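Presented sequentially are two complexes of subunit A, the first with subunit B as partner and the second with subunit C.
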Partner chain A sequence: MKQAFWTLFALLAHWRRHRLNLAALLAGLSIATALWSGVQALNANARKSYADAAAAVNGADTRALVSRQGGLFPQSDYVRLRRAGWKVSPVLEGTIRLKDKTLRIIGIEPLTLPRGARLSGLGEKIGLEKFITSPGAGFAAPETLDTFGLRGAVASLGQAFPPVEVLSQAPPDALIMDVGLAQKLLDRHDQLSRLIVESEGEAPLSDVVGQTLRLVEPNQDSDLARLTDSFHLNLTAFALLSFLVGLFIVHASFGLAFEQRLTIIRTVRAVGVSARTLVAAMCMELFALTLLAGGGGLLLGYWMAQALLPNVAASLDSLYGAAVSTRLSLEPGWILSGMLMAFAGAISSAWSGLIRAFRLPILRTQPQAWREAHRHYLRRQGLLGATVFAAALAFWFFGGGYTAGFALIGGASLGVALILPVAMDSALRLGGRFANRPLTQWFWADSRQQLPGLSLALMSLLLALAANIGVGGMVEGFRLTFTQWLNERLIAEVYFEAKDDLAARRIEQWLGRRAEVEAILPTWRTKTEIGHWPAEVFGLRAHPTYREHFPLLSQSEEAWDRLTRGDAALISEQLARRLKLGLGDAIEIPAQDATLRAIVVGIYPDYGNPIGQLRVDADAFKRHWPLAPRTNYSIRVAPRKTEALIRDLQEEMGPSLARLANRAYVKELSLSIFERTFAVTGALNTLTLIVAAIALFFSLLTLNEMRLMQLAPVWALGVSSPRLAVVELVRTLIFAATTALWALPLGLFMSWCLVAIVNVEAFGWRLPFHVFPGQWAQAFVIALLVALAAALVPAIRLARKTPAELLRVFANEG
Partner chain B sequence: MKARALAAALVCLVPFSVAADSFGGLGKEAPGFAPVVPGVEFTFPRDFGAHPGFRTEWWYLTANLRDGSGASYGAQWTLFRQALKPGPEGGGWDNGVVFMGHAAVTSATEHLFAETLARGGIGQAGVSGEPFEAFIDNWSMKARGNGIARLSLGAVGREFSYKLELTSDKGPVLQGDKGYSLKSESGQASYYFSEPFYTVKGEIVLRGKAVAVSGRAWMDREWSSQPLASDQKGWDWFSLHLPAGEKLMLFRLRGLSGRDFIGGTWISADGAPQRLQAGDISIEPLKETKLSAATLPSEWRLAVKSHGLDIITKPVNPASWMGTRFSYWEGPIAFAGSHEGEGYLEMTGY
Partner chain C sequence: MTPSALSSPQPFLRVVGLRKTYPSPQGALEILKGVELTLEAGASVALMGESGSGKSTLLHLVGCLDRPDSGEIWLDGTLVSALPETEQATVRQRAIGVVFQQFNLIPSLDVRDNLAFQARISDRLEASWLDELTERLGLSSLLSRYPEQLSGGQQQRVAIGRALAVRPRLLLADEPTGNLDEATGDAVLNLALELVAETGCSFMMVTHSARLAAKLGRQALLSSGTIVEDGVWPGRRGER
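On to the complex of A and B.
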């Protein structure tokens, strides 16, 4: 044991002399761990919020009864079930708009809440009398109180709004209150959205309430978890990519350290330390370094997650209506998994060194042997790259789903990255063949000699660039399509939502008296569930506004006329894909009275909406969803009279309005949601690029320390050191440029995969594939800048080398 | 009296409010609620039903049963009504009334119980006077015909259920002073009447096994707004079926200072009540049993000097513990001595 410690000290002494390499190693591992664990923390936080939201009332393992048609069901079903011996507890959930944000109202019934339920402990804190007797009480998490300005007097919010108090275990953006009060506040008298099942009665469900309700098993993922899956997979994919790029640095550092330490290793072995003890000491060293770097990485990751969290939360809110807590909670599992990932990464980077140390013949110590041997690996590496690529293709072909799509992207990227050094080596060899001047010949040969040391850094640059081009292309393409589509879709000049049905009728009458109003178009909406997926039904009239402008991907003949007849529907692309429906197919829409059977007469794009959507005629909507609020409208009005109308409407009907906006505002809002959604992607993209730059920087810097041996003879032959420095700089730029060129097809492939596979599978919409040469140029410039930044310091150092330093190389040789 | 009922009524509130006093609200003053005053005449069938305006009320039925082989069983059915605010009841969820049901089945070796809670006003629980029905979830006590002479009783709990048919040929018996039942020296009281003459036939199901049973039952009806004094910490309550059709109710309210408030009613076989004076009654615990939840008396010596009664009671099942939100002991007992027979015992505050 003592021997192992002394060996360890001998090994560690190396780092004191090679601080840069140590820094690279620690930085690489820290960054890899940070990016990975940071994203994991974001995902875990979001998932926890979904679970909290889904299990806000019932625990995670309780079953629930929900309407078979989706939406609400009458309270009498609850009473009937209780009277039949079913131990169920009523819940009414809904949302109200407050401060331009959505506040989730959760109405519960404290007496019947199962004891295991998450909020069952609520009673102890609250006091039953206060909770269920007028004026009642609302409870929300502290952050919710701040967000919605619910602290202090809330009398201005209306009669039904109760005094609000703090309850830290309340889910984010939610207000918990008595079910009776929630019915008043949401204007849903005698209606419920869910029953939590504590135990079933003897009588079967259908005997008690007919076909109105269905049982939902607890382990079924919440809708949010399913809907947001792709979003999180997207983040995870980026985290994995960054982790991989970080590991390249670690791998390069370990490889370099191993080479540099061959002398120490040989000496240690020669003085009698067994291979076993040596490897044990190296393992200890690895452990200590990983602990240090992993710990730092976790701190960094936590910080990163905290910095990105508000953005992620905002994206999830605007995209999916998912309320994600902006308080990052640190779970022990997260620390553990982050450290495990750091160890897995470190071991995977160092194991080949460990094995070789174990098998190393004591007498063989030729430095650079590893690097030279590396050439022999090239062919194998190329083969491996091709295999990975093929495996990814096969996985996608046989797998399917967006996971397979990501696997295809990952496999292709890794494959192409592995092939990069091989391709570059061939290119350099080709270059060498055409060179006829001695210096250029040396240049090509020396470049080939340097390639193994830089290949990992170049591979990581390749991946980062390709991701940049790929994701950038996808996002830009999406933006283009989205903006165009918004322009077509947002035709009406004014949009409003009335406070309730009565208010809507009043406003309608008021608008009817205004001469400048050309049309009042209902956009009534309600929720339903089709094939266990949440969906929205819209009621509209086939006004020329829609006939002429509403963007459709495909439509049957006389689609709009058929829609007016009431037995046809337009469905969104997402819904069509999810349910595999085409024109002419019948769709069963669970409605409040019975199931509405409609023929699909049109399919329309609905970008950015995670929920399936369908549109039916307004009269049919009224008939089949008599209880749904009919409060949303859009107004056609002469553009120059729009502002005046909005002003008058606001002035005269203000109290009846819940929301009022003009087209520009709605459009701006949609676009800002879009931008926010991709802000996180952009941030991760940039981070990956930074990591790649660091990898290149450290590789060049560490290589430079050993380059003197190759450069000194060239200098001795008469090439000045500044000139040598320029050559070095040019070489690096050529490497970077080649990598960028190589990254372009990979990036395009990535972009295509995202648009044609991942988006379709994950979101259900297919965007037209666009290419953006401007972005490529940008990526190319970035690559050169990164290379320049990385190569500049070593080049300057080289230019400033004194003859004495260069001469010392020969002295050492002697 | 059925102070036990009170107990349970509090139960309602126990998980929700930190009771300032030992009874979780029963001893609390009740401003705004209707007061209990002497000299009020009961009117039936109206008084079978609920009494809005009062804070607390209960319908309490206990049955001593036997199967074909003579083995003893007990059954309990209770509904408590608790108003959370004074004044008239609101509609729907604003009703302001909370109901709580307790049900139990006891044999020599088993004691299974259940509890359920419901809000008034939405049809999940309630009581009507005529025709009489008290219900909560799928438990009910329902009159067959007018009044409460013939009742159908049913409850379902985890691993047990029962369905019993009850018949009585005598009218309700007024407790205390014509129904005004004093509970403390400081004047707390309730309105209280009983129907102790039921004969019972029916079936109980214990862990999947159905048993045909028959026997006797006793119903208590009581309502008040502040039935206990704030310094009373628990009570012991007996309802006894004496030989020759006589009935006896005895209670002891244990004061925090060690002073007990004792009372009782001797009911003749034809249903005529006689109020017993405290000095006439002796209630004395003999032996204690240790249960996991509490240590409490299992054998009692009871005496009523004026009637030459001197008996020792023993539980059918000493472990008749009601592990409900507000827990207490409630179970069938047998007694011997000067008189032999059976009855029910409730003990709270241990």
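On to the complex of A and C.
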């Protein structure tokens, strides 16, 4: 034990004299842990919100009855079931827009809620009277009250809005109230969205309510969890990339520390410390450092998650309508998994050093051994890189799905990164062959010698740059496509949603009397479920506006005419992919009266919408979904008369309108949703690049001291230290530029994978592949700036070296 | 090492038929070709020979720092060359002190901790002996300095102090004065010999210098991997 203690003492003492290396190691591991655990905290928080929202009324183990056709069903079904002895509790869920955010309204019946539900016992807790007697009461989590400004004066929100009180166990962005009140507020009279089943009655379900309802088993992932899977996978993939880039710093730091500590290792072994004790001491050191860095990383990750949470919540809200709590909860499992990840990272980074320390012969530990060995190692590394690349291709080819897509990106990135030092070594050797002046010859040879020490940092820079080019290209391509698509799709000048059906008819009539109005186009909508996936059905008329402008990816002959006949549908690209449907295929759409069988006559892009969508003729819509609200319209109007019409409409029909907007506003809103969706990706992308810059900075700085051994003889032969500093700077810039060039094809490949595989698999849409040379130039300049920033401090330090400092190298030679 | 072993009539160190080969770009290079050597307890021997003759290799093998291809090394009645790695480490810790030409101090530790290191790991730290060594080696004022802040002579004195702090049974020195000027080298070696004599340990030193070799009790000359001469140089016979 004493042996291990004093060996550990000697090992730890090394860090006191190499604080920068220690800082790099701790920073690398902390950042890697932070990025990983931060994103995991975001994902866990979101998933917890989905689960909480589902469990609030359902409970974890209770089954539910939902409409077989999707959407709402009549309250009379509930009454029939209760009379037949089924212990069921009614729920109505819906959303309203408040302060530009979606507030989820959950109407429950506290007396009949099953015991497993989180909100069961609510009646006793807050008093039944308050809940069900006029004016009733709404209950929301404290953060929801703040977000929606529901504290205090809520009367202004409308007659149906009850006074709101605090209920800490309420799910985020949700307002809970009596089901009757919810029906009134949501204008869904005598309609319900689900029945929670506590126990079944004797009579079979179909005998009581026919084929209108179906039983949903517990523990099935909620729709939200399924829909948001790809979003969370996207975040996890980025976190993993950042984690790996962070680990490069840790690996480089351990590698350097090992080289610097060869003398210590050799000496302690020579004076009688066994290899086993030495490795045990190194493991203890690793444990202590990981505990420190992992703890710091968790704190940093928590802070990062807090900072990113509003953006993530906004993205999930705008993309999926998912309410995610903006209060981060600290779960023990998260701490444990974060620390485990830190340990896994530390062990994988230090593993080779530990093995080498165990096998190291006491007498053959020359300080340059690691670098020499590294050079021999290059060939094997290149081979490994090629193997990883091939394995990734094979995995994708035989696997499929977005996980395989990400695996392909990961494998290709790792493979190319492993090959980078090999390629660079060959390039430097080639450069050396063409050099004819002594200093140039030394430059190439010395660059090759420096490569092993820098290769890990360059690999991390490569990954960060490639991710920048790849993800940047995908996002920019998406933006371009999305904007073009919006321009084509948003043809009408004005869009409105009426308060209810009655109001809609009144507004329709009012508009019909306005001369400047060229067309009033219904965009009625309702929710359904096709193939167990949520979908939206739109009712529209085949007006020339659509015939001429509505973007279609493919269409049958006379698609619009066939749509008018009522037995055809246009379906979104993602629905077509999910259900594997093509033109001419039949689709069964569950409707309120019966199933509508329609032929697919067109497939249209619907970027940014995770929910499948289909469009049928407005009259067919009215026939098959008689209960669906018909409140949404777009209006064609002479552009110069648009603002006047909006003003008049607002003045005349203000109380009847739920929403009114012109095209510019809708477009702006859509674009802002788009920007928010990629805000987190952008932030993680930038963080990865920053981590790579830190990796390069620390590698150069820690190598700087060791570089003196190689630079001092050149200085002694007559090359001034400022000139040597310039050479060092140029060398780093060449390394960075070569890395950036190497990152370009990888980035393009990454971009292609995201566009052609991951997006298609995850979201169901295939974007056109665009290239952005401007972005490449930007990445190139970023690489040079990163290298310059990292190399400047070591170069200045070198330029300022006094002769005495340089001469010490010769004094220490022995 | 047991007391009974110490009282045995056998020599303290016995090297029998030692062979060692190293790989080289030109093929296997046989450095030692069946070396035979003995050393009595408390006696000293200087190993001499041209570069590449195998002196340092022999010293490393005796010090359990490397393993022979064949042959035996007996230390105080124990066949140390056949011990497993962990037990060899214990022998190095407790019975052997090594002084290298390159000093091999632990750069991260100051003089005080370097001096005490081997004694600490072998659990044989005697504070009074360490203080005496520090004093005798002239290191009292340098205790809080780090190796790179010391001159070559000072570093070598720390290395000798570290090796003697455990009161080893055998002190091995590989050209301990090779990096020092003549006066400093002489002073360091004289001090080492003085301390060796006081502790009664055996001493084996590799050197190129005939003058320094003459300071030791016996001189062995290695050539092409074997000991070609072993005995007391004529000039020293009278002294013995």
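Here is the rule we go by: the second predicted complex is superposed on the first by the 812 of 814 C-alpha atoms of A that agree within 3 Å, B and C clash if a C-alpha of one lies under 4 Å from a C-alpha of the other, contacts with A are read in each partner's own complex, and residues count from 1 in each chain.
Heads up, the rule we're going with is that a contact is a pair of C-beta atoms (placed from the backbone, for glycine too) under 8 Å apart; a residue touches a chain by one contact, two chains touch by 3 or more.
This structure is a prediction, so every number in the text was calculated from the model and none was measured.
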| item | value |
| --- | --- |
| Which of subunit B and subunit C A:797 touches, first, second, both or neither | neither |
| Which of subunit B and subunit C A:505 touches, first, second, both or neither | neither |
| Subunit B versus subunit C as contact partner of A:268, first or second or both or neither | second |
| Touching partner for A:79 - first (subunit B), second (subunit C), both, neither | first |
| Touching partner for A:110 - first (subunit B), second (subunit C), both, neither | first |
| Subunit B versus subunit C as contact partner of A:10, first or second or both or neither | second |
| First (subunit B), second (subunit C), both or neither touched by A:276 | second |
| Contacts of A:479 with subunit B and subunit C, given as first, second, both or neither | neither |
| Shared subunit A contacts, counted only where both subunit B and subunit C touch the same residue | none |
| In the complex, subunit A residues that touch subunit B | 75-76, 78-79, 82-85, 87, 109-112, 123-124, 126-129, 131-134, 178-181, 183, 190, 199, 201-202 |
| List of subunit B residues in touch with subunit A within their complex | 12-13, 15-17, 84-85, 90, 92-94, 96, 98, 116-119, 122-124, 135, 137-138, 156, 158 |
| Touch list for subunit C against partner subunit A, complex | 60, 63, 65-66, 85-86, 89-94, 96, 98, 100-102, 104-109, 113, 117-118, 120-123, 146, 148, 162, 179 |
| Of subunit A, residues touching subunit C in the complex | 2-3, 6-7, 9-11, 13-17, 261, 263-264, 266-277, 361-363, 812, 814 |
